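You will see subunit A twice below: alongside subunit B first, and alongside subunit C after that.
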Partner chain A sequence: MQHGKYRFIVGFLALPLGLYALFVVWPFIQSIYYSFTDWTGLSPEFKMVGLDNYRRMLDDPIFWKSLQHSLIFALVLPVVTISLALFFSFMINVGGRKRRGGPVVTGVRGSSFYKIVYFFPQVLSIAIVALLFAFAYNPDSGAINSILRGIGLGSVQPLWLGDPSLALWAVMAVLVWSTVGFFVVLFSAGMASIPADLYEAALLDGAGRASTFFRITLPLLWDTVQSGWVYMGILALGAESFAVVQIMTTGPGGPDYSTTVMVLYVYQKAFRDGQAAYATTIGVALLVVTLAFAALVMRLGRRERLEY
Partner chain B sequence: MKTTETPAPVPAESGAPVARTDTRGGPPRKEKKEGGVLNVFSHGMLILWAFMVVMPLLWAVMTSFKDDSAIFNSPWALPDKLHFDNWSRAWTDANMSDYFLNTILVVAGSLIGTLVLGSMAAYVLARFDFPGNRFIYFLFIGGMSFPIMLALVPLFYVVNNMGLLNTIHGLILVYIAYSLPFTVFFLTAFFRTLPTSVAEAAFVDGASHSRTFFQIMLPMAKPGLISVGIFNFLGQWNQYMLPTVLNTDPDKRVLTQGLVQLAASQGYKGDWSGLFAGLVMAMIPVLVAYIIFQRQVVAGLTAGALK
Partner chain C sequence: MGSTSAENSNNGSAGVGRRDLIKRSAALGLISVPTMSFLSACASSGGDDSGDKAKAGKKTAKNPLGVNDTAQMEFVLFDGGFGKEYAEDAVKIYETNFPKAKVKFSATQKIQSTLQPRFNQGTPPDLIDNSGAEQMDMGVLVGKSQLADLTPLLDAPSYDDPNKKVRDTLRPGIVEMGQFDGDPVWIMYYAYTVYGVWYSQKALDSLDEQYPETWDQMLAVCEKAKKKGMAGWTYAGKYPYYLPFSLYPMIGKVGGVEVLDAIDNLEPNAWKNPAVKACFDAYYELYKKGYVLKGTPGLDHIQSQTAWAQGKALFIPNGSWVENESANVIPKDFDLAVSAPTGIDSSDKMPFGTIWASGGEPFIVPAKAKNTAGGMEQLRIMLSEASSKNFTSKVKSLTAYNGGTDGITLTPGLKSGVAALEKAGDNVVNPRLQDWYVQLQKEQIGVAGLGEMMAGRLTPAEAIKKIQGYADAAAKDSSIKHYKHQ
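And then the complex of A and B:
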């Protein structure tokens, strides 16, 4: 297959690679370069300022706040989401009662119904979900406080998004709500490929559900859990947290910067405050955090690969 | 532990039947009691979560049929009558029809572009050996884990300088570029699994490389293209961050930004019922499509993470 091979390769790669280089790779490289300049974004002139932007960043209390919130997002969200999803998918796939004559391991009744319903939020845009919950959280006329009043908790009427100490958690809950279903379906697919005789053997040995889960399901599902973890962390640091924080919280960024995250801060510095160079500096910090997070999860989660 | 107590190891052939009688006999009795409480608890949790997923959506549908005072005074009460005028107001006055049209144009263009360009690049990277192959592959893959916002700051000016800011075709090109990493990653793996013999036979018969690709390989790759196509369709239809940065012209807004802008401006106009109608309007097509193509959607969205 040598005839015209290189002409073909170049012909097929030129367009996709060119587009990708122009709109993705080149801006990334430019960003890193701009972080050493005083570019405002408003005028084409700029000069090199060395590490000034980085020094300024280290003295910027709002940057530290956004970093702290982003780290909370990246650590708490995957733990909560993946734990919930593991619990649900284990129940859906393995947690069923043994029926006479049926297979040894079954899911609960209605397992496919749960999988369909849980997946609903995943097909909706995070922007629409954020808007919906912004209304649901409304302290006076929102759905949530109205339910609290309805069940006799009229004295408990949190301000939710208006309360600086609560707003961040209220926003995170929305991300959990919208992503659990995806992981339930993902883990279910992984669990379906675990051979049933392993469960049979465990049952013979008298293993209960908890030890079946920790000794069999989790180790055999580990690769999927780990890549899901990285995926969720990248989402929590990037696009998803941008959408929910920007749409849901006042400011945006919350009362007293109580919900601002790094990705939102980059956006505001670049497109609201006309400080493009400083925005890219925070962006570089975000890049470092993202890569460190991925490396950490991959390293901590490294285990002997189990063959089955 | 238990197996060591069992005196005679079960012969391999009769393993399965013995296992079944055993589970029916001894251990389950103890487990039933413990299992009963656990079952109620875990079933309860499953039902509770299903409820928590469905209720906000039903609440939105219900609210979209109420008038404004009912929305504020009794959030959970059923509408006194179905206010369909909310929907028509949202469709015409609030420009939902324009947002739909813009979104359809952008997604149609970028979905086709993504699939064509993505499969071309993936095919070459999967099937041909040439210097730089690995480098280009990892260049594409790297785009999946980098924070996009970092690139968006200079990208805004790149797009602006090319005169593509606030244009539909500019947005399409950017969508394609940012969809390529996952598409190339997924399709490269897919093309590698396809047998080489068919393509070789076609080539021996005198078909050119590009003819082999379009007439032989693409049809064979159809399942992979459908999966990655669904993935990209949802991602592009729901995209919020890219248009927020690159598409600031009110006339060119896509659904997601249109709704967010609407929410901001409705705050002054006070037309919340119209806004809810708009929200539900935007939710329904994807939910219906999901319910119809449920199997394919789930396969498409989870395929990447399972590789």
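And then the complex of A and C:
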């Protein structure tokens, strides 16, 4: 059986790996190359400048600020989103009380309705979500401040996106709102594959909701949670955070640099300031941060896989 | 149940595990990546200086630029607030004048994504309206010698009068704006924008007030408005770099043009000039006394213009595009008007009426274009009186052509803009920060400085200190090109 195995497998892998190399690995190498040049992005001429861009980046206070915000995104967003999603999907799938004649393990009443409701934001493009919330955050006539006025809190009228101490959190809340549904569905699928007899045994032993969750659901769902964690972190470092910051915030990136993130800074340097080489340098830094994040999560989350 | 499967456990004898195979194939893929010399030929694969430029045609009275009458001319327009009809009309004239030439006209909002690769390949079109959100950085284009000098166009006889050069038919400041350092003129701004304080004459009449000329009067008008439940001011809080549209000419009026020039030249302590402080204090007072519409720092330009058009605020700093941009929310009887900014008092260096007006819609002819003469000829046609009138009547904006408003009905805002320009006479200032140092102007002076001050989070003194710091940093930054007023 060994004979010809290599050829067989390589035959299948060549095409996808070739595409991957051309469209993923190749651009990576190119941008690393450009980060050592002074390319403007607006003319074909450039020369090598060695480590100048990197030196400049280390001295750039806006870079450090954007790095700090990106790290906050990468740490806070997954924690909040995944905790919420775990809670919701547990309540939808497992958390219900036993009803007469029904199955032993079941979700709360109306759980199938909630499932659809949670997934709904996922249907909207992130650009539309960001625009909707930009209107909602309008301090003059937006939905949030209008509701506050409506319930008699007319004196509490925050500027939301106009306030440096609130803006970053306001932006993050939008990302949580728009992504939590996806993870609810993902975790629900994972929980559906956990055998019911495990829960039954736990119930017979007198386990409550909390201990069922922490001792049965979470350990058996760990793989899914871990990949969800990486996925959410990359999303928070990358395209999604760019879209919301670019569309919603003052400036964008403000007020007073309070919401600028690395992807936004890459974009501004490349396409506003005509400094494509410096932008790729920041892009390389972003690559390092993203890889470090993924490696960290993988290492911290390594556990023995349970099979059931 | 619950058995564990350790990684890489039992496949030692079974040849290659899945994981190993993937690792090896990935390594193979990496090795097969070609060498660095191939690398440099990628996104910036440069064509050599094109040897296939169109041959020059014969210079005649009708064809002063010597356009080759059979060469193709390609024109890419920014399809924005002004639409594309005015350019299509001008292209028709070109086609009539050069019936054998083929004109390739296209209009797009994506200037940068469409044209950046073509600059990188060395095959740009012959005429570009480099405008909009995807504008390519002019400083970089000039710095990298990508643009053609438009001096031949400016020195050519104008389309309407062979005895008058094109240069002499333009509004004040247009030629200077196209220069970066030295004599060459790289950009031809086609539209002409009036910046200032925009308001509803009807609302002002209802308060029984005139437009205030001194700051004390301004505060009095705002107080009166406040009593009627109307805020004095609003502005694009999320884009506070709209504030300079009235603040910079005010600084010029109070302290003289030299103050603005020093600021543009990034001179040390330029912002520490007493005139700057006086004007910052004046604006800060609007915030302190509660004359700024509540929630303004969280509004974007459209939201603030809408609140203003609804009569929630009296004044807004803006440019003449506001009439078109907010046309659907400005009531019919609004009686839109613009005024030069209010000064401090009678001791100001320049008279009331000093206004900021400058070119918009920057047209460029790339140096590596095949038919540069054709691109310039197309501009010469657009700068004729007929084309200019066509533009003004179609899109409610003035052009760089000085005049061209006789015999057409002007909208209220446009009429008031023309009147403001007449009142200003030679007292037209033209601060350049927004085209020379975009980052400094927008996110540093605008968002981090003025925006914070008008939201009450910085005092004028703190704002000036912060802005001076940014300006000093920009002056020292070797990665940006620096410019000086001539």
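The definition used in the following text is that the second predicted complex is superposed on the first by the 282 of 308 C-alpha atoms of A that agree within 3 Å, B and C clash if a C-alpha of one lies under 4 Å from a C-alpha of the other, contacts with A are read in each partner's own complex, and residues count from 1 in each chain.
Following the convention adopted for this analysis, a contact is a pair of C-beta atoms (placed from the backbone, for glycine too) under 8 Å apart; a residue touches a chain by one contact, two chains touch by 3 or more.
What you are looking at is a predicted structure, and each value in this text was computed from that prediction instead of being measured.
Touching more residues of subunit A than its counterpart among subunit B and subunit C is B.
By the touch criterion stated above, A:T40 is placed in contact with subunit C alone, subunit B being left untouched.
Of the two partner chains, subunit C is the only one touched by A:D256; subunit B is not.
Look at A:V25: by the touch rule set out above, it reaches both subunit B and subunit C. When the two complexes are overlaid on their common chain A, residue A:F271 makes contact with subunit B and with subunit C alike. In the overlay built on the shared chain, the residue A:L17 is in contact with subunit B and with subunit C.
Within the superposed three-chain model, A:G152 lies out of touch with both subunit B and subunit C [touch as defined at top]. Once the two complexes are laid over each other on the shared chain, residue contacts for A:G50 go to neither subunit B nor subunit C.
In the superposition on chain A, contact is made by A:Y137 with subunit C only, not with subunit B. Common to the subunit B and subunit C contact sets on subunit A are residues 5-6, 9, 13, 17, 20, 25-26, 30, 34, 41, 134, 140-142, 271.
Interface of subunit A with subunit C (complex): residues 2, 5-6, 9-10, 13, 17-18, 20-21, 25-26, 29-30, 33-34, 39-46, 56, 134, 137-142, 145, 157, 159-164, 249-251, 253-257, 268, 271-275, 278, 304-308. For subunit B in complex with subunit A, the residues that touch the partner chain are 1-3, 16, 19-20, 22-24, 27-28, 31, 34-35, 38-39, 42-43, 45-46, 49-50, 52-57, 59-60, 63, 71-76, 117-118, 120-121, 123-124, 128, 130, 136, 139-140, 143-159, 173-174, 176-178, 180-181, 184, 200, 203, 208-210, 213, 234, 237-241, 244-245, 255-257, 259-260, 263, 272, 276, 279, 282-283, 286-287, 289-291, 294, 297-298, 301-302, 305-306. Taken in their complex, subunit C has these residues touching subunit A: 1-6, 15-16, 21-22, 25-26, 28-30, 32-33, 36, 39-40, 42-47, 112, 116, 119-122, 134, 136-137, 139-141, 143-146, 237-240, 293-300, 303, 307, 312, 438-439, 442-443, 446-448, 451-452, 455, 457, 479-480. Subunit A meets subunit B in the complex at residues 1, 4-6, 8-9, 11-13, 15-17, 19-20, 22-28, 30-31, 34, 41, 84, 87-88, 91-92, 95, 97-98, 100, 104, 108, 113-128, 131-136, 140-143, 146-147, 150, 177, 180-182, 185-186, 189-190, 200, 203-206, 208-209, 224, 227-228, 230-231, 234, 237-239, 242-243, 246-247, 263, 266-267, 270-271, 276, 279-280, 283-284, 286-287, 290-291, 294.
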